[in-house]
Amino acid sequence: MTLELALVIAALLFVIGMALIILRRNLIFLLLGIELLFNAAMVIALAGGARWHSVTGQVLVVFMMVLSGAALALTLALLLRVKQELGGDTVDDLRQLREEVDE
Amino acid sequence: MNEWLFLIPGFPLLGALLNGIFGEHFSPRQIGRMAATMPFLSTLVVFAVWMTHGRDPNLHEQVWTWISVGNFQANIGFHVDQVTLVMISIASFVGFLIHLFSQQYLNGDYGERRYYFYLNLFVGGMLILTMADNLLLLYLGWETVGLCSYALVAHWYRKQENAWAGRKAFVVTRIGDTALALAIFILFAEYHTLNYHTLFAAMAARPDQLALTIAGILVLIGAIAKSAQFPLHIWLPDSMAGPSTVSALIHAATMVTAGVYLCIRLYPVFAAVPGMLWVIGLSGAFTALYAASCGIAQVDIKRVLAYSTISQLGYMFLGVGIAAPSLGLFHLLVHACFKALLFMGAGVVILIYSDNHDIRQMGGLKKQQPFLRWTFLAGIFALAAVPVISASFYSKDAIIATAFIVPGGKLLWVLALLGAVFTAIYAFRLYFLVFEGPEKPGEPYQMGWGMKIPLGILAVASIGIGWLQFPPGWPGPKIWLPWLAPELGMPPAPSGDVNIFLQVAGSVATLIGIAIAYKAAQWEREGRGLSRIAFLFNAWFFDRIFLRIFPPIWYAFAHILDRLIEQGGFQLMLLGGLRDGFGLGSRALEAGENGLISRYASGMILGLVVLLFIAWGYLL
Amino acid sequence: MAYSPTLLPLLIVAAAALIAFLADALRLGRLMPWLGGISSIAAAASIFVEHMALGADLYWDLSATLLGVYLSLAMAAGLFFITFHPLSRKMTGSLVGLLLTMLAGSLILVSAQNLLLMFVGLDLQVLPFFALLAWPGSGRAAVESAFKYAVLAGLASAQFAIGIALIYLGDGSLAVIPPMGDMTSNVFGLMGVLALLAALSFEIAAAPFHAWVADIYQGAPAPFLIFLGGVAKVAIMGALITLVAATPKLEIPIAVIAATSIVVGNVLAYRAGHLRRMLGYSAIAHAGYFLAALAVGPLGIIAGAIYALVYGLMNMGTFMGLSALPENSIAIPWATLRERQPVLAGLLGLTLLSLAGMPPSIGFFAKLLVIIADVHDQAYWLAILIALGSAFSFAYYLSTLWKPSVLSNPDRLLQRRSWETFAALGILILLFGWLLAPLGIV
Amino acid sequence: MTIFLILLLLLIILTAGAALLVVRDPMHGAVNLGVSLLALSILFLVLGAPFVAALEVMLYVGAILVLFLFAIMLLRTPLTTWEEPRWRRGFWWPAVLMVLLTAVLILLFSRRPDLMVVIQEIGPGTVGRALFGPYLWLTEAVALLLFAVIAAVLAIHRRDDHDA
Amino acid sequence: MILVTVLIVLPWVAALWLSAQKQSDQYFAMSIALLELLLALIQRFAPGASGTLGHALHIPYLGSLWTLHAGPLGSTLALLCALLIPVSLAFAWRLPEFRALASAVLVMSGALFGIFFAQNVLMFYIFYEILALAGAFLILRSGHKSRAAALQFLLYTFVGSLLFLVALVVVYVLHGQQTGIYNFSILQLADTRISGGLGIWLFLGMVAGLAVKMPVFPLHSWAGTGYGNAAPAGSVFLSGAAVTAGAYGLIHFAIPMLPQAALEFAPVGIILGAIGTLYGAFLALNAANLRLFAAWASVSHMNLVALGLFALQTQAIHGSVFLLIAHGVVSAGLFGVVSIMESRGLTGEWSGLGGLFRRAPRLGAWMLFFFLAGMGLPGLANFPGEFLSLAGSFRVLPWAAGLATLGILAGVVYFLRAYERIMLGPLNGTLPDNLVDLRQSEWLLFWVLGLLTLWLGLDPQIILAHLGTLLSIHSGDVIAGVGHGL
């Protein structure tokens, strides 16, 4: 029963993460959303590890942590440049590149 | 003699080619003389053929294979038999006379080289048409003469109505040509050959009634258009816009008779279908009456002669219709002589009255031009078929007489007889108005020998040529019918008292006509003449009806097709629709491209959701 | 896992990357591109030598070798090209390092048979681009495009991670090759595979996940687009090939994605005003043609591999040509280009035509192979869709060829003698590349 | 017994997530994330992975969350009190999409095989042996990646005047 | 084999070198064109040259690509195209955009030669697309330089030809599955047995691809904009030579590959041809200017060719091929006349014309000559072709062929009306007064075309006798079996 519950938690994390990405206006929250998604992946991996009694689950989690951390570091660095160059840290400031819909 | 046949059409065509290539380097006079010698040389060759094979000509010459694909073969082959010999003699001899006549008639006018080019080409085309041994070559000649008539009628192209008259002639005759082409296709589809002999043999072996009926009708339509029979006759009166020599050659002697020649040549096709001959006869008789009735109310000298040609051609068709093609051919020969003469005479008259065609402003020309008056009178006699002394008494009255005794021919006889009366009326009305009565002097015009010889020869011919075939029961030479019998068979001859009654009826009709004509000329001078009958003057309004119905429909249809289907349908709806469809589609998709990251992310999530739904639906 | 020969190419590239990173500190930055180029060629040679070797988690099968060799050679060409571009004057060492890391990631992606290895390869390839797209000296739009790519790629790799976790939960093994593990036997495995497909489709810009590509192509500096379009995308296609080869059940969703991307790509490109955005949208269509090849079983896999290779080549040619133009050029100034650099103009014109699928060029033969594969599998509707798509693509490709536009001052055109040689080489490959096809297949 | 613990964790994560969705100030967002991460580390303990639970606290909450705080600090977002809109303009359409997503997850979830299994604990030792045993090359690759990320971050933040 | 390869590659190289030049080099282009004509003559009449089969560029799955086979039909059509190159260049001599036009024409001629001598279908397809692209460049770079017209021309041809490619690939795959040999050569593909339903769809695909080029009725609307916007000298080549590619493709590739389906398609093809002939005729009547008039006249004739072609009957097919060649020469004359008038500064709008014969009698004479040829006057080039096509298809579907015969009547109406509006009637005031009649060179050019038309009209056997068996043996007996009276 515990694994089912763990999966429910993972699903919950997944939905909240996705909601954060598409609903929030401030860019920080987008990144938080991505972190939540990664955490959901970790929970599922561990559930898998628990089910198959093998260490691969934990290895997966370790790698996921490292890679999500690396990605986040770069994205935050870019966020600072965006704040510096485009003068804002919300989703609406990132609209220079778009399809010029004429009418 | 066989291998010289190609010279007959060859000379005029050579003349045309030389004129085309080197025309610009010679003066019009030299071109005229060169052009005249060409038909003369053909006449010589024809004369040689008469001399050597006059008895029963049956010459063949295959010049080269024109088209041969699979089991179908049509080649440039000439064949001369009795009928063809008569036709080529007319075409070459009368052609030569016309060339001679136009040396003086046309000099000093613009486009003379062009005139001689097309005249030569016309004579060549006519000769090919008549000498062809298969329908395809006939069609070639058929179209060439059509082209030349277009070019010559529109000779004085600087006036819009002349150009329009030429185009009208070509289009109406082209309607007939299309019908003829369809007939050729039917015969080709049925019998895989277009050569006369093999065609008639195959037809005799396997007569397919349906195909032959349709083919027969289509050939008839072709002939009617070419020979300006009712209802496709509207182009002939308008084509009087061309020079009179052109009218003399084309619209009297040669081209318009091509239709009759075609019916004579394809006689077996009509004979194979019961009742078809009667249809031809009826159309001939009716046209004769109709055209004659219009002729009496005309005021333009050339229009009178135009309607008279239509009516005389009606008689020739009547001749073929009553199973007497040799009589039809006989009248064709006679008509060629006197009608060419009348047209040339009319040309001189117009010159004298300085291009004024209205006969009511003319009169008393006999004192000023005695020679012209006597030759013109000979022509008028032949036209009206004055008994005994005129040639067409022997040919036209014979046709009318034979019509009486043919089964179901009574109606045709009545129409023909009435036609004969009207013919006499308009013939002599024309003569009295132009030559008799108070004198209205025109400019003095001295006819050179180049004009006098043709008029003289044709005047003698229109009197004397009738004696080739005396009516039955009369003493005197009867060589025409027996000569043509082996090819066209002997026509039925009335006998005993019926014969006498018919001959008397024919002569009485002509004399009544002359009397009425005398009175008509007087009324005309007093201003109350026949020309005020609008119904007849406008040829029963057929021309106007025809022009108000067909061309507008044709152009409107083209306009609709262009606007509605091309611009509207294809460009606007099909291509425009596609373009707008894509535009809408891309505008809708561009909404997903407005730069917002969250929108891109939601697009991705939507994709994931769709994939998961597919998985849930199909893959599990 | 002990050393096995299959790892040799990766080791070569990783070593070169490390050296490159250090070189910046030792002021040897200028030499690094040459080192990078030589190392990639060495890697290509080693892959070619390996040829069909099965390592612990790496398997250089037919398509992997084909693409692996191409990727390394393309990287080498890219590096030689970059050395002359002004953008690479600053921090050349770390630039080359990042590029080599990206190459390592691509090689792993192409040959990985283990999902975790594929995940690491994906991140190895994607992360360097966050920095490359916003390289110093490339203006404000580049930063925006880099950040957008960063966030969305982060989301994609998160999805990828979830996919791996689900598959692992499903059948306990991370191996891709069927006998070792059947991924789609249960719900979790299926969801996992679809998450993987979604992530990879995002990377090659297939239809539902296509929104990002136009902005990145518009904003990013042209030299780095050579690597994004020419190398990164081809590697992802390699990964997709291994994925599809292992799970035949994926063919229906792939066919759906292929059809939508062909339609969406062409429709969007039709009205795209900006030249780079049009190229982005056409990339969507090409992803669609590639996926159409994958959707039809084994013959499709070969056709897909060849299409990926050809697509990479065409992208390299296009963006090498574009990087000669000034950054924000809306359309190609043909007049000045033909005057100043005729061979480069010829290359650009030919690549656009071969992207559209003009017959004698290699693009046409790739599409022909895809159509043959589709027809072989009775997927007539897909073949017709490809045909109509590529026919319609001429509309927008040729409008760039025909749209008259003049460069304000001609000398802003970057002038390099050596680029002519690249261009000539490009033309040769694009026109007669299909002569090499027998080598590829055999 | 563990069921109640997990339900409690579920509750905590639910509240933290909801808070994340509604709170305006990014600082509050970061703190909420920290709370949910700590709850997760306890879940990891329950699932028999003590090493990873420790890592979660040290690496995730310690490093990545701190990274967020630094970023927010560097962004120098003013401590504003005015009503800063938290949701972007087009709200409803994505919300519907979220409902769809949860619906499809629940649908798929209902078709899952049962996972009744007893959980053993796998200590840090085995994880370490695994990391440097079969997955050795993977860790080396990740090492290379981290090194590259450092260079990348340096590149992103180069001042124009500072030459290398 | 080498002669043919030179024939194909030489124009491309010349075009490349020409476009690299700065100013337009007329004499170079003309010398290349005349050289091409000479080579084509040698190829056509050299003994034993035809039938040589060459193989090169072998690709494992696709079979060898560069296979050449000079059949009688192919070399005759090649001769026609080789003739039209110098003619179209001569008419374009004084055009400002001569260089672009000449290079486009040369590329197109190379592609055309490739098409006529290709033995395998893939090579045919490749040259077919290059022809379409070069045609689009021709429309774009000359005349009104309108991009929309060029794009419409291109999209029409490409959508069609790609459908042709898909159908072709299906036949190739089915053939591969049946016999195990995967090859695009027509010799192998000709005897694939394909079931009825699928065969019909495939043949429709192929017809869509090939019939677009010779504008058959529903796929024709590119002709109006295409010819309307290209320079008439360009249209000489476009409407004279380029359209033969479609017809040749149908005869040499499409019908032999799917004889059964071709038979079932025959009635539909004839009806489409008939409607097209009439449709073209009526639109020519209503054309807004001279270019459109010549364009729609050419469309009307090409639909007649399609009629004969789809009838699948000996006389009809031979007739349609002959009409194709005759139409090449006659439409060259028509568009030549239009280009001469435009070089004299006339816009071609009806209001600006009338009574021209008075100022330019030579031009008027030649215009009448080519209008008569267009009308199908017996003795000139079009008549034998038209007669055979109509007579042959009359046996297959009488009422449709009858409808098409009306097209000839309609032909007279629109040609004569146009001639009267341009040449006859009172002199139009707005005509430029420095209107000079035909120069010596132009007069000579028209004499060449005129003599050729006359010769083709009077002695068509020089072509009809040497066309060889048009339908391959296999498809021949399939069709004969059905009793089309082959």
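A, B, C, D and E are the chain letters, set down in written order, and residue numbers restart from 1 in every chain.
Methods note: contacts are C-beta pairs under 8 Å (C-beta built on N, C-alpha and C of every residue); 3 or more make two chains touch, one makes a residue touch a chain.
In this text, all values refer to a predicted model and were calculated from it rather than measured experimentally.
Shared contact partners of chain C and chain E are B.
The minimum number of touch steps separating chain D from chain E is 2.
Placing every chain at the mean of its C-alpha atoms, the farthest one from chain A is found to be B.
For the pairs B-D and A-B, the count of C-beta pairs in contact is higher at A-B.
Chain E has the C-alpha centroid lying closest to the overall centroid of all protein C-alpha atoms shown. Distance from chain D peaks, on a Cα-centroid basis, for B.
Each chain gets one centre point, the mean of its Cα atoms, and the points for chain A and chain D are 7 Å apart. Remark: chain A and chain C have CA centroids separated by 25 Å (rounded to whole angstrom). Centre-to-centre separation between chain B and chain C, using Cα means, comes to 78 Å. One inter-chain figure worth recording: chain A and chain E are separated by 63 Å, centre to centre, where each centre is the mean of the chain's CA atoms.
Of all residues in chain E, none touches 2 or more other chains.
In chain C, the residues that reach two or more other chains under the touch definition are 116, 120, 123, 127, 130-131, 134, 148, 151, 155, 159, 187, 191, 214-215.
In chain D, the residues that touch at least two other chains are 88, 94, 97, 101, 105, 108, 111-112, 135, 138, 142, 145, 149, 152-153, 156.
Pairs of chains that satisfy the touch definition comprise A-B, A-C, A-D, B-C, B-D, B-E, C-D, C-E. Those residues of chain C whose C-beta lies close enough to touch chain D in the complex are 1, 7, 10, 14, 17-18, 21, 24, 29, 56, 90-91, 93-95, 97-98, 101, 104, 108, 116-117, 120-121, 123-124, 127-128, 130-131, 134-137, 186-188, 191. Taken in their complex, chain B has these residues touching chain C: 582-583, 585-587, 589-590, 592-593, 595, 597, 599-601, 603-604, 606-608, 610-612, 614-615, 618-620. Note for the complex: chain D touches chain C at residues 108, 111-113, 133-138, 140-142, 144-145, 147-149, 151-156, 158, 160, 163-164. For chain E in complex with chain B, the touching residues are 152, 221, 224-225, 279, 282-283, 285-287, 314-315, 318-319, 355, 357-358, 368, 372, 377-379, 383-384, 387-388, 390-391, 394-395, 398, 401-402, 405-406, 408-409, 412-413, 416-417, 420, 423-427, 458-461, 464-465, 486.
Considering their complex, residues 64-70, 72, 76, 136, 139-140, 142-144, 147, 150-151, 154, 157-160, 163-164, 167, 170-171, 174-175, 178, 181-182, 184-186, 188-189, 554-555, 557-559, 561-562, 565-566, 570-571, 574-575 of chain B touch chain E.
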